[in-house]
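My questions will all concern the structure given below.
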């Protein structure tokens, strides 16, 4: 689907609202960006603002060095180098969400791998590495280009990268898939937690995860139904 | 109570809303069907849509091969063979819900049996088997008639069947009992989880479960009170 | 405070709404009664109805054999013998709540005593016994006078009695204290659960619990503030 | 930012609403105070009232002996000596919240230290001591000046002090930072709990916590964004 930049901005506002409603972008922190569909060397991201409050006028355009191209005196997010670094290294990625969903934190600080136990976890069948190489002087945020590059390398070809004691970066081949991945990661993290507390779970096999992600979650049936549902909850 | 098909459709819409409100049919996935009261060889099911959005016009009629009899260009759920397969094998079953309630997932992947610890779990006194015989190529969904039949056989004469890493199928001798069973299964799963974390629970005996299900939950007093309450929350 | 029966009925309706809002009387089950302030040999209780739906006209009067004195064709709760049995044996008790709050269930089926870890648990400083002597043929409900008497005896002079695999009975020296006890029991059950999961809690001593219950929770300051708050949430 | 007393009162009302919305000041208990910006020897605190119900007229002024300076017949909180005692000993502290957030209770009764696992826990990098030296006769409340002083000493130069089996005291160098600290403490307590259940967490180092608190959470970017978000949820 070819999309104009204006359409993309409208969709990105909805994505912000959905991820706030889902308590993934919660308490004013975390954000989601997408590549400019009219120029793959730019990306769209709201200014420094809680996701629940984002309107179209708050979406700014950034270049691949994370410079803000939109004339403004308002502040940008400190961690926007996450996005420029990953968009440069992953041409297949069209959208990226950085969030601190509480369900995920244990998997970033405890020696327990994140492996899907339910079909909601299928998008993460390749595994989720943990980044733990901070510039401490940046207050545990990813704020400079060198750390941005380290993070992009640690992500590699995966769908998500944990940041130790901080949160996660989730990518998608479209904005809608990135939203779906972010929601599903939270659901399966809860499922994994609840299962691990009771015993040793049988995880999805690599093949099960891959097939489920490609055929079920990437299918038009699932994508449309989910996006329509999420939109119905935030657009009245 | 003899019911017309039109009345059944109205009740099925309410059932969808209740199960969405209860976070049993959540995030646009899972569904509930009922036998056509005017023709036991047909069943009623919404088109591919989130439960919270279902209206009467979205309820379609299907035959016992899961063919859609309602003229439409809109999509049907991929997993509707679950319903046709079970309705064929279980003449006592009038309604079936397939859901992914998060409280249930651990019992599908960990070697811990689902056994009632509270009277809400009584409908499951026969035990809940776990199905784990997927056609992986269908992305962990139950989409073809052969797998539908395997699932129906695995259910046998039970009230519910877990699908490993996916969810559950819950049946009922009426739509209202199917909704009650689905809600109560979620409640008792939480109770079991919370109990297992603290120690070794004393479960309901087989006789306690059977008697409680037959005399308390199947009684008019409980059925009416519960249905009126649930309806009051979703029909304003 | 002397109260008329009409005032008591209005307050009992509010108590029903509060306990529904707090998810203590949840999913249409459980109930709360109070002694008739104009006649200590009668008690007030709603007809068979979800707590969230109770209005003044739904409050009926019962005698000490649990007979309904209000002329009506509508159904009464099956378990109302719980109330008559306890009011007969405990003249100090002015109100009783029977509920199935999920936080409590583990303490009824696992060999872990309910002992206060936070000041919210202080009203239960005498301990909470577990009743496990069911007439199974009554579907795990307390429906006949003989079982009602066994339950009243098991309660003894305590503030609460667990019913194994079912729920709890909580009493109070006033309706407001009974509501407070019910809410606080749920809170401290959660606190106990969360503490037990992490280690061996230091519980309140008997003296701490007794003093806190008598001086803090029974004080006018706490009682008024709490009741005004709860009322503000359910009476608009 | 120099603030008038009238502005401070308006902000304190908002802080009450935020902490109620966040279920930190919940069920009518707990409170938050701030120093009078026009007179550092006075502090502002609502009268005895649930946080959700506080209006500007309910904010009274107290001196450093916890005497109420506002002419009124309405009751003050019993535990206001907590505030006077700490404001006297900690000139750097401009606001103090006393709350019973459920996530925190286990850390007050179990031998598990509260140490940040996520960047939300950074404000507590100095550790959180546990006070357990009650005058039992005060019903586990901090009601007299001698106990107030003991509590202030136990807090020392820390950001928070647990009260065993009761709750916490959280301070801040401004009202907004005190609200942020209170919210973040609840979030990281949940993160710690969830991590400890799964294994041995890697905690933030002292340096990571200190840097993150000073550079990230004390930065204007985080402070403004968070306060605007919280305000947007409670001021319509």
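Note that the chains take the letters A, B, C and D in the order they are written out, and that residue 1 is the start of every chain.
Just so we're on the same page, a contact is a pair of C-beta atoms (placed from the backbone, for glycine too) under 8 Å apart; a residue touches a chain by one contact, two chains touch by 3 or more.
Because the structure is predicted, anything quoted here is derived from the model rather than measured.
Of all residue numbers that take part in the contact between chain C and chain D, under half occur on both sides, making this a different-residue interface. Here the CA centre of chain A is 33 Å from the CA centre of chain B.
Across the assembly, chain A contributes 197 as residues in contact with two or more other chains.
If the chains shown are joined wherever they touch, the resulting network closes on itself as one ring, and no chain has more or fewer than two partners. Listed by chain label, the pairs that touch are A-B, A-D, B-C, C-D. For chain C in complex with chain B, the touching residues are 27-29, 48-50, 52-53, 75, 78, 100, 102-103, 105-106, 108-112, 132, 134, 136-141, 164-167, 193, 196-197. Those residues of chain A lying in contact with chain B across their complex are 116-120, 122, 183, 187, 190-191, 194-195, 197-205, 207-208, 211-212, 214-217, 219, 221, 225-226, 228-230, 232-233.
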